[in-house]
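Naming follows writing order (A, B and C), and every chain is counted from residue 1.
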Amino acid sequence: MTILDLSEQALRSVNAELQSLNGTQSNAEYEIINPRGSHALAVGLNAPIAVKIAGSTGYYCAGMNKHATVQVAGSVGPGVAENMMSGMVVVDGDASQYAGATGHGGLLVVRGNASSRCGISMKGIDIVVQGDIGHMSAFMAQKGNLVVLGDAGDALGDSLYEARLFVRGSVASLGTDCIEKEMRQEHIDLLNDLLARAGVDADPAEFRRYGSARQLYNFHIDNAQAY
Amino acid sequence: MKDHDTGTPRTEPRQSATFSNDINAEIRRAAATGIYDIRGGGAKRKVPHFDDLLFLGASISRYPLEGYREKCETAVTLGTRFASKPIELAIPITIAGMSFGSLSGPAKEALGRGASMAGTSTTTGDGGMTEEERGHSDKLVYQYLPSRYGMNPDDLRRADAIEIVVGQGAKPGGGGMLLGQKITERVAGMRDLPVGIDQRSACRHPDWTGPDDLEIKILELREITGWEKPIYIKIGGARPYYDTTLAVKAGADVVVLDGMQGGTAATQDVFIEHVGQPTLACIRPAVKALQDMGMHREVQLVVSGGIRTGADVAKALALGADAVSIGSAALIALGDNDPKWEKEYNALGTTAGAYDDWHEGRDPAGITTQDPELMARLDPIAAGRRLRNYLNVLTLEAQTIARACGKSHVHNLEPEDLCALTVEAAAMAGVPLAGTDWIPGRGGY
Amino acid sequence: MCGIVGLFLKDSTLEPDLGAMLTAMLVTMTDRGPDSAGIAIYSEDSAKPFKITVQSLDPATDFPALSDRIAKLTGAPAQLLEKGSHAVIALAKSAADTVLTMIRSDFPELRIMSQGNRIEIFKETGLPEKVAAEFSVAAMHGTHGIGHTRMATESAVTTLGAHPFSTGSDQCLVHNGSLSNHNSLRRKLVRDGMHFETENDSEVAAAYLTRRMQGGDNLGGALQAGLDDLDGFYTFVVGTETGFGVLRDPIACKPAVMAETDRFVAFGSEYRALVDLPGIKDARVWEPQPAKVYFWER
């Protein structure tokens, strides 16, 4: 375990050290201390290393992550794991706006709440939020799965494409073209797997599934007011 | 005309200037379909442009350089502010961002081939980076767009520069629209969308809003790419003074400014024709913003939107740009709207030169399409050569003008080398009306 | 486009440290707003029943002259505490209107930053660290305060263009975002008799709230009405004599983080601004909801 201290080392040198293993199979372990809300921490990683961040971070923590496992023992600012490709990011506290935005793959777990636009434009990432999520979450979400153990804010899944949304609590309102769908066995199985990988103990049967009504997929004049 | 019965004179039939045939046809089209017109390209209306400017040339008070013997340099380096690996170009003309999806794979390859031969860069678009493009472009600028289609860190790292797209001249403040016909399996796969559905791109970035957030976004992109690559910010011609200022404050290495004649793959005609300022009107405010911050030539300015000739290039540079960028002109050089396909254009209800329904994917020239048969019409090697030739001509023309003005580098052209033919152009470009020392509108923006 | 910090103390033992805490928070927001910075600080001080803060380009000449004029006008020596380009005049509330009228007519070169029972506003162009040092903000005590770092968008980088904006007694507003209908709204407010010092969109928001409160709304009601009348993107933090309020627009893109403990309520545009607050590790930290009015009062 290598300790990187942000009160002594510049952000650039911390990230450069983590990125120096990019392209390797290294599973080295790092702990970053004194993050103090720093932005762009542990971004652009591309190796199966494990990074623990002892404290809260700012914007874009673990942005564009590939292969690495990043755990934040605190809360994160906007855009955690944005555009993640693979690997795993775990936030022990809360996540601000845009958690997992445009992510292509990997698993993002938020143990606390995520605020607005969680999973915006997601393109294949899996996101598990143990608390609540804010408004406009999964806006234009294309692919992947968003699992919420708490409640969802307004306009969930607005202009949704093929992403699947599972919410255990209440949904304040559904966005345009987002509807509740039947929970079939395949969805129970999928949820079981996601919850297990996220280390969350919950019964898949308690969730409701939401998805795209696919009414906006090809322009139709009767839907014009929805644009 | 006379009344045949009585012989008394009658009024001639008279078309309304307000309700012209074009307008009436559009009203009938709207009434029949219930949807706005979507098309490609840039503004078609006439606006004050580079044609309204003239160079003064050398005389007794200024001495020209000899053509072909005395050197006139054209090289430009983009991204000298923060990037450890700035982009060095042989000519001050780059290829603007055009997406794979909107263009075919061979068309992207042809752009890469032509630009590389001419010593300049190409730019990806809304849809990710293709092998055709990366493989054939010596220098490739990777666009970072609101949709983030195909965005991935590997392509980010193998790009030569990153262009954060805030806006486009054709539609400042607007998102994209690619209709289902062009979302083939390959395009859909790259964009993580189902095949054949309409693609609606967002107008705002999903994870930042405003210059204070943009500064942090730039930090992230620099941290991911080791502070090597220049970060460009592309803005539409909306409020060029403020937007240039804020792009620089947020940390841009290069500002790309696209006026309203700049093209788009597809958007609402009402957007293209009615939102944004003409290219000519955008340059001086942007240059003033850079000068006010002491950043002119430190942060490079690339101007696009209606660049067609070497004279346009020279005029943009004289007004203070470091380089220009071409999109529509490059497509025409490849073979877009060529009259040799006139019969097929007629079959589509249009004519060569006017074809702009690029989003429908039926381009007879095989450029703005994903149809395999049509695509096969474009030979990327021959088309690349045409683009190289065209870029060479633009460069030679710009050099010719620069030499005539006594400049050994095209960047030494200045606004004082120009005069304007119209009051409008004089006001917009901030140069005197020909034959006078009058610059209308001096005294603020 | 900017950084905002705010602190509302519940525990009076923290009051001597308010300025120091606010300064540290402000300086962390430098990247969000390098053009200018300002703070509004609210304190109770029986020696100063009413306070007017003024700013001058030439304090050496203006402040002694002002001091003399106030003494003549009120018949008592003026209490005028100079801090950099600013000075705080302390006087009896009954004399306030006379003195304000005199300053406006006889000292047009002075800018009135704020006036009220508790508020003092200090703001200048330059980096937050420089601005905070110029006014010795770290040494100030108080019950609550709001700070702002500005990255100017369209209006000029000037002292008056810096935040906070104060358009009413003991009122102030700071803003992160960009309004889209402020020009029309400014014209309407001018017809209603409001006065503007700048072309800044945020000043319009401040004047709008003041106008609503003049019309009988409380701050909560004024903010609620603002949701209908103010278009664009905004996170506002608003100060009054007794507390502060927070409002984000319905789209809520601009960042906002709040923290609350038994001892304080804090606001930051980013979590970084809050990291040094006492007991932050155990604080309740959350993001204010869109289109929801938050208000804390003493």
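Everything below uses one rule, namely that a residue touches a chain if its C-beta (ideal position, glycine included) is under 8 Å from a C-beta of that chain, and two chains touch if they have at least 3 such contacts.
The model shown is predicted, which means the values in this text are computed figures rather than measured ones.
S.K.: How would one label the connectivity among the chains shown: line, ring, star, complete, or other?
M.R.: Its topology is that of a complete graph.
S.K.: From the C-alpha centres, identify the chain that is farthest from chain B.
M.R.: C
S.K.: Which chain pair racks up the highest number of C-beta contacts?
M.R.: Chain pair with the maximum contact count: A-B.
S.K.: Can you check how far apart chain B and chain C are, centre to centre, with Cα atoms defining each centre and the answer in Å?
M.R.: About 44 Å separates the centre of chain B from that of chain C.
S.K.: So the centre of each chain is just the mean of its C-alpha atoms; given that, what is the distance between chain A and chain B in Å?
M.R.: 36
S.K.: Give the residues of chain A touching no fewer than two other chains, as numbers and ranges.
M.R.: Those would be 58-59, 78, 97.
S.K.: Of all residues in chain B, which are in touch with two or more distinct other chains?
M.R.: 213, 216
S.K.: Hunt down the residues of chain C that sit against at least two other chains at once, touch-wise.
M.R.: Residue numbers touching two or more other chains: 253, 255.
S.K.: Of all residues in chain C, which touch chain A in the complex?
M.R.: 28, 252-253, 255, 257, 270-275, 285-287, 289-290
S.K.: For the complex, which residues does chain B have touching chain C?
M.R.: Chain B reaches chain C through residues 204, 209-213, 215-216, 239, 242, 246, 249.
S.K.: Which chain A residues qualify as touching chain B in the complex?
M.R.: On the chain A side, the touching residues are 11-12, 15-16, 19, 39-40, 43-44, 46, 58-60, 63-64, 66, 78-79, 82-83, 85, 97-98, 101-102, 104, 117, 120-121, 123-124, 139-140, 142-143, 159, 161-162, 216-219, 221, 224, 227.
S.K.: Once bound in the complex, which stretches of chain C touch chain B?
M.R.: Touching chain B from chain C are residues 1-3, 31-34, 151, 153-154, 176-178, 233, 253-255, 269.
S.K.: Under the definition above, what is the set of chain B residues touching chain A in their complex?
M.R.: For this pair, the touching residues of chain B are 33-35, 147-148, 151-154, 156-157, 179-180, 191-194, 196-198, 200, 202, 206-208, 213, 216-217, 219-220, 223-227.
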